[in-house]
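Following are the structures in question.
What follows is chain A paired twice: with chain B in the first complex and chain C in the second.
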Partner chain A sequence: MATTSDLQSGRPLVQGNHKSAFRNDRIATGIFYAAGIFLVLLLFAFAGYIIYNGRASLNLHFLTTPPLFMQKGGGVGPQLFNSIYLLILASTLSVPLGVGAGIYMAEYARPSRLTRAIRLSLETLSALPSIVVGLFGLLIFINILGWGFSILAGAMALTILNLPVITRVAEESIRNVPPALKEGSLALGATHWQTIWRLILPAATPGILSGVILVTGRIFGEAAALLFTAGMSSPPLNFSDWNPLHYVSPLNPLRPAETLAVYTWKVNSEGLVPDARQIADGSAAVLIITVFLFNFLARYLGKALQKRSRAC
Partner chain B sequence: MPDLTPSGQSILRSARGSSHFLRETLGRYYATLCGDLIILLTVTMVAFITVKGLAAFTGPHPLSPLKFLFSSHWQPDADPGEGGPQFGTLAFILGSVSVSGLAVLLAAPLAVAASILISVIAPRAGENFFRPVLELFTGIPSVVYGWVGLSLLVPFIRNQFGGLGFSLLAGGLVLALMILPTITTLATDALQNLPDSLLEGSYALGATRWQTIHRILLPAARPRILIGVTLGMTRAFGEALAVQMVIGNSVRLPDSLLNPMSTITSVITMDMGNTVKGSAWNNALWSMSLLLLAITFGFIVIIKRLGPQDTKNGNHF
Partner chain C sequence: MNPSSSPIATITDPIVEVRDLNLYYGTSQALRGISLDIPRKKVTALIGPSGCGKSTFIRCLNRMNDLIDHVRLEGEIKLDGQNIHDGSVDVIALRRRVGMVFQKWNPFPKSIYENVIYGLRVAGVKERTLLDETVEKSLRRAALWDEVKDRLHQSAMGMSGGQMQRLCIARAIAVAPEIILMDEPCSALDPRSTSRIEELIRELQGEYTIIIVTHNMQQAARVSDFTAYFYLGSLIEYGLTKRIFTTPRRKETEDYITGRFG
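Then we have the complex of A and B:
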């Protein structure tokens, strides 16, 4: 048979012995299948282990009652509330900023020093360990501004974590909008901003929305950035007082707030409750299930919205 | 202004033209402001942590930078009678390097092998099954990885190999599992972004699939795969809580897979909340934060050197 040279090595690509080449190919294929299947089994075993161990805690009692001190049977109600509240605050802060920056990068930015600086900043921000973001929050919001460990400081730290991801998602979704849409709008005499606001953003919404939900799911489990910003304690909350200015109100943004992820970490080291193991099992299961739900929601909404916009 | 976009003035002569122009300007300003804010945020963060991190090396009792980096003598609360507090972080630096290095050594081969399956051998199952599963798992909180390490892995290591169970091995395994989905996704992207002509040309020349993979596709995708591996390493290096839960947190050079030790992040996590603001101990912790930041920058430089980052799927932090 004709031998053909491999450009790099100069050796024939198919060496003399056909049989060994095909045998090696089959062995390699087998190994790759084994690796892929092993990887997936590992991940499923991991998720299965967590959900199986935490199954006893997946009830309304565990999810709504406050933790107990030195006795068994406490829940994670306030922690769960704190996680959700922080998530809403952080999204409210980071979505307008991230989408704005995404619009800038996709629509206004030209190849310039400024654009390169933004790009580099985004890469830096997304590579920073979350504990560094938490330490920055500690420095600015707690030490310098003197807010104390608070929901607000935690929300700011999460906003910093979110910002690069939302900007990237928004930029990509905007860039994926067909150019004909923009050209048609401009040709009809619309201004650039009208075009962005009325056509490009609505068309990019499915992509942005599923990206935002995915990110939100991730920050639900964030702990390192919150240890020194939102704090590791949860004052007693009065769930009938919804005035954000009262100290015991769950909505007060200046109270310390331990989230579910932080509690999962802390409950082991403290040893203040006898059933720390069950609590950690339960909250790990709640965390993982929530992240999965967010993921499915992002997938479903992204697809559903895309279908609707195509139908129009 | 040489601009392809209409300025609004010339085209819209209606009575509402001026309000459109105003919105046009405001919209543009808002978007630009958001872009600038990102630079401002990054610069502020780096500046503040740098200033705070350098505080330990100045002042009345300055810490020697050489001792800080190259001594493994860490006794932050020693009395002046015992020679005063010592802030050598070598043990933690080596601890971070060895635990994240071990994680990458364990994760990268499996991740690359799986990415070949997903992108070359079974692309349809890859797109419909493997990719969604991997995406699902990149979002799992690190405390959950840490908790599984603590409740399952640590007792297992204790029973099988003896010792405390809290060990370099436990940390490396937990981090490996944590960065597996990230590296696999990025390596898959790298292989899928190769031009189809490489694969087709190689097949047309009579090469088998394995020959095509290891002589053509892997070398061509290597820079991008290495970017994925480096990003995984960056994530492992900066991870704090999952590591802290299983590594044992004792001040000790990483001398064995089965011994407990500490990392930069685990020491910061443990002590930052318990030390008095402005004390030498607290300042040393801020210097370690600066060191962590500097090492992260080192990783970013390596990634930039390896080539342009994929803008399609970006990185997975």
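Then we have the complex of A and C:
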């Protein structure tokens, strides 16, 4: 029992091994710091190495001209465009679908056999190796539907690949919105949908956005799922023809489209150009820089969006 | 129940009439045969120890319990003579007539202005002048206007707890409800903010019917005209606040009020 004299003498009221607890706490803190610093260093070393090796290619010529056949000095212009176009197409397909599924799972689905089945399917889907998704795409989109190697087939394959991630992230972000907000909205006579649209989705946007960023990086880096869907070649493109129905138009979704990641892999493994190694290094650097840029852009957009929704 | 404390007889022209209300969460019963009339444009306080069913009870009045799975209701709740569980009753319209202020303030992550007019926006009101007027009127009514009139378009998240709770009251007032339910509106506030909210409740009475759940017996005594004492899901005693606090008719009520239990 603590008496006044105990308190005055400054002796700890609880005798225990607080010294060793204190030491353990410091050790744990140290370990976590070290792990964090290691990760950051690894990332910097990795990105730095790639960008440093590809630095010679970081010029406008490399970024805008098409590859050359059997000759030095080709660029990755069409491949870079293909990557970005594929990203836009795949996101247009997978984000609304995934967010929609996430809303359903978080707001409407009651615990039932159907819900469990959906969840199990999503988990299975997210565990599929991307080459399997690519072969599935080959079978369905190319062979059965007869689309031929095309951006659209590639975008569909990537949608299959990304749907589980976006759905899960959207569901979790929506579930993390405080229920008090939802109650407050409903108590003011808002419908369930108004509550979702005006309150829950804006509040969940930062979380959903980070999921989309995750997926964006994956789309940029994905090669295996695209080999047999979007294909390993790019027809000569006419960058002044923006009619999506023309075969030579860059916007035609039914043309084959080799992406930067696929090209990096191809040129590295079977490139016939004399500067294959340099091109592979260069395109890898371009790839990683583009992913960084997209992440920054997405974060900036997310912040701006959130600010806007708070202010007005 | 002791006939002298019968809740039904004492009130003429009630706005809400509750008869034999039973509520079950799954198999456990949370409300047991509640019957009472809520007087129009008066403040009614619901008191009782934690878990006695008072919050569950007021959430029946705007059908917020609809949101919870496995809730089953028996009995009848009438608002102005109409059963609120009737198939023809639109729960959205009901919630506009019966507003609610929650225990923990829950302003939306939007501007002060947008918070106040949220109920109008979801009702489809677009007229700018009407929205502006409603904002000023509601914030004045909630005694918040002078503090926020220069930062209406700033986020509501930067306010103090007491201000946020008054904003939630303004938000409820903005849709012109007939009844305002308050579920322990001061339990997370400091004494100063609490007394401001209590003043506000006194000012609002006469214009709105207010039903307030509170843990604080002094608060019930200060702000309410009528008091209902709930215990273990049953309504033990109900009557004029003055009468309940000076001459409780039931032993349980007296024990609770005098602090011998609870």
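Following the convention adopted for this analysis, the second predicted complex is superposed on the first by the 246 of 312 C-alpha atoms of A that agree within 3 Å, B and C clash if a C-alpha of one lies under 4 Å from a C-alpha of the other, contacts with A are read in each partner's own complex, and residues count from 1 in each chain.
Please note the rule applied: contacts are C-beta pairs under 8 Å (C-beta built on N, C-alpha and C of every residue); 3 or more make two chains touch, one makes a residue touch a chain.
Every value quoted in this text rests on a predicted model; they were computed, and no experiment measured them.
Touch criterion met: A:203 reaches chain C, while chain B stays clear of it. In the superposition on chain A, A:295 makes contact with chain B only, not with chain C. By the touch criterion defined above, A:140 reaches chain B but does not reach chain C. Of the two partner chains placed around the shared chain by superposition, chain C is the only one that A:180 touches, whereas chain B remains out of contact. When the two structures are aligned on the shared chain, A:189 is found in touch with chain B and with chain C. Between chain B and chain C, the partner in contact with more residues of chain A is B. In the superposition on chain A, contact of A:49 is made with chain B only, not with chain C. When the two complexes are superposed on chain A, the residues of chain A that touch both chain B and chain C are 186, 189-191, 194. Of all residues in chain B, those touching chain A in their complex are 5-8, 11-12, 20-21, 23-24, 26-28, 30-39, 41-46, 48-49, 52, 110-111, 113-114, 116-118, 121-122, 130, 132-137, 139-144, 146-148, 150-152, 177, 180-181, 184, 202, 205-211, 213-215, 219, 231, 234-235, 237-241, 245, 265, 268-269, 272-273, 277, 286, 289, 292-293, 296-297, 299-300, 303, 309, 311-312, 314-315, 317. Contact residues on chain C toward chain A in their complex (touch as defined above): 62, 64, 67, 69, 92-93, 95-96, 99-100, 102, 104, 106-111, 114, 118-119, 121-123, 153-155, 157, 168, 171-172, 175.
Chain A makes touch with chain B in their complex at residues 1-2, 4, 6, 8-9, 13-14, 21-22, 24-25, 27-29, 31-33, 35-36, 38-40, 42-43, 46-47, 49-50, 53, 97-101, 103-105, 107-109, 114, 117-118, 121-133, 135-136, 138-140, 143, 160, 163-165, 167-168, 172, 186, 189-194, 196-197, 214, 217-218, 220-224, 227-228, 232, 261-262, 264-265, 268, 277, 280-281, 284, 287-288, 291-292, 294-295, 299. Here chain A touches chain C in the complex through residues 110, 178, 180-181, 183-191, 194, 198-199, 202-203, 309-312, going by the rule given at the top.
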